[in-house]
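By letter and in written order, the chains are A, B and C; residue numbering begins at 1 in each of them.
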Amino acid sequence: MKSYREELWFDVPTRRAFIHITPHVQECLEKSGIREGLILINAMHITASVFINDNEPGLHQDYDAWLEDLAPHEPISRYRHNLTGEDNGDAHLKRQVMGREVVVAVTDGRMDFGPWERIFYGEFDGRRKKRVLVKIVGE
Amino acid sequence: MKSYREELWFDVPTRRAFIHITPHVQECLEKSGIREGLILINAMHITASVFINDNEPGLHQDYDAWLEDLAPHEPISRYRHNLTGEDNGDAHLKRQVMGREVVVAVTDGRMDFGPWERIFYGEFDGRRKKRVLVKIVGE
Amino acid sequence: MKSYREELWFDVPTRRAFIHITPHVQECLEKSGIREGLILINAMHITASVFINDNEPGLHQDYDAWLEDLAPHEPISRYRHNLTGEDNGDAHLKRQVMGREVVVAVTDGRMDFGPWERIFYGEFDGRRKKRVLVKIVGE
């Protein structure tokens, strides 16, 4: 069994954003030399997500508006978590809707994807350095 | 390490449906000959889900009504994604609530399940051919 | 390839609760002797979740209130599932928001976590014995 590990770092200038990371994960896979196995891609922070969906800006605006509706950022006092001095209570909820991680199959050295599957980093509390783990296991 | 790959194809006649796929995954596991490891089962399309829950039709109606409440199909103009000419903006949101994939442990050649765990394909934009990936890794 | 399996049992005295299980998973990892690979941690019941987020009681109260808002327990008659004689329709919905499982990377014999990542069992229909599967695969 072979394994490979790499961290992808982000410093998003806004509170919220969606960033396309498929090419970065593809690079990790090539460096790993693994041709059969599984890739785990997970946010290493608890106010961010990794998810798979469409690379379409309108959809990302829909996600943003929908998540704000499900778990509004304001008023800050809405969340008990913010009594700790944080203002990111909403981000911990949004991340649960979008998920922490994805697992992708590796077949013949490639990510085994349907036609429109693309991997995204979902930032819900940005303006600081945060990272994603790529772990590949196989042979 | 052994690996096995199979696609399950669906052509759901309605826009939305839940389809029980545990027996199909079980067949894949038997064909694989793998006795210890992990199974990844994921929708290969971004308007569909694979999830684990109860095989109970009333619950599936509850899911359908609840998802329509969280992310209504209409009005189509509600979603920026639909400005691309699509009418499936809601399906991309519903899929995030229900999830893209599940990972199931394989122990002694069997899916290592609790008493009521069953695997479902959740279709949110049907009436065309779509597929699920089953990837088994282990030995 | 090595594999290790253990069940964690819970008997939560209330209907809903969040329980910190990182130390239990850590113990499983040590017993396994596995130094590179993946850990799957999943609820074996369909009215419970395993998820990764912050070990902060205020946040857990936020989750509880938010999930009650998204999928209220009462009135029981709200859910078709409850026509079967159950009263846990809401728990099947709450579990989908919080997720069934997490997959964690193992690197150098340790869970490969960001600074605040902790694993929780989310109970949405307690007052009986239920369990979580820990399956570790690697070498």
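One rule holds for everything that comes next: contacts are C-beta pairs under 8 Å (C-beta built on N, C-alpha and C of every residue); 3 or more make two chains touch, one makes a residue touch a chain.
Predicted model only: the values in this text are computed from it and were never measured.
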Each chain counted as touching chain B and chain C at once: A
Chain copies touching (chain A, chain B) - same or different residues, decided at half shared: different
Gap in Å, rounded to a whole number, between the CA centres of chain B and chain A: 20
Contacts with two or more other chains, residues of chain A listed in rising order: 1, 38, 70, 97, 99, 103, 137
Residues of chain B touching chain A in the complex: 1, 3, 5, 38, 40, 42-46, 70-71, 79-84, 89, 92-93, 95-97, 99-101, 103, 131, 133, 135, 137
Chain C partner contacts - residues on chain B that touch it in the complex: 1, 36-38, 51-54, 56, 58-59, 61-63, 66, 70, 97-99, 102-105, 107, 112-117, 137-139
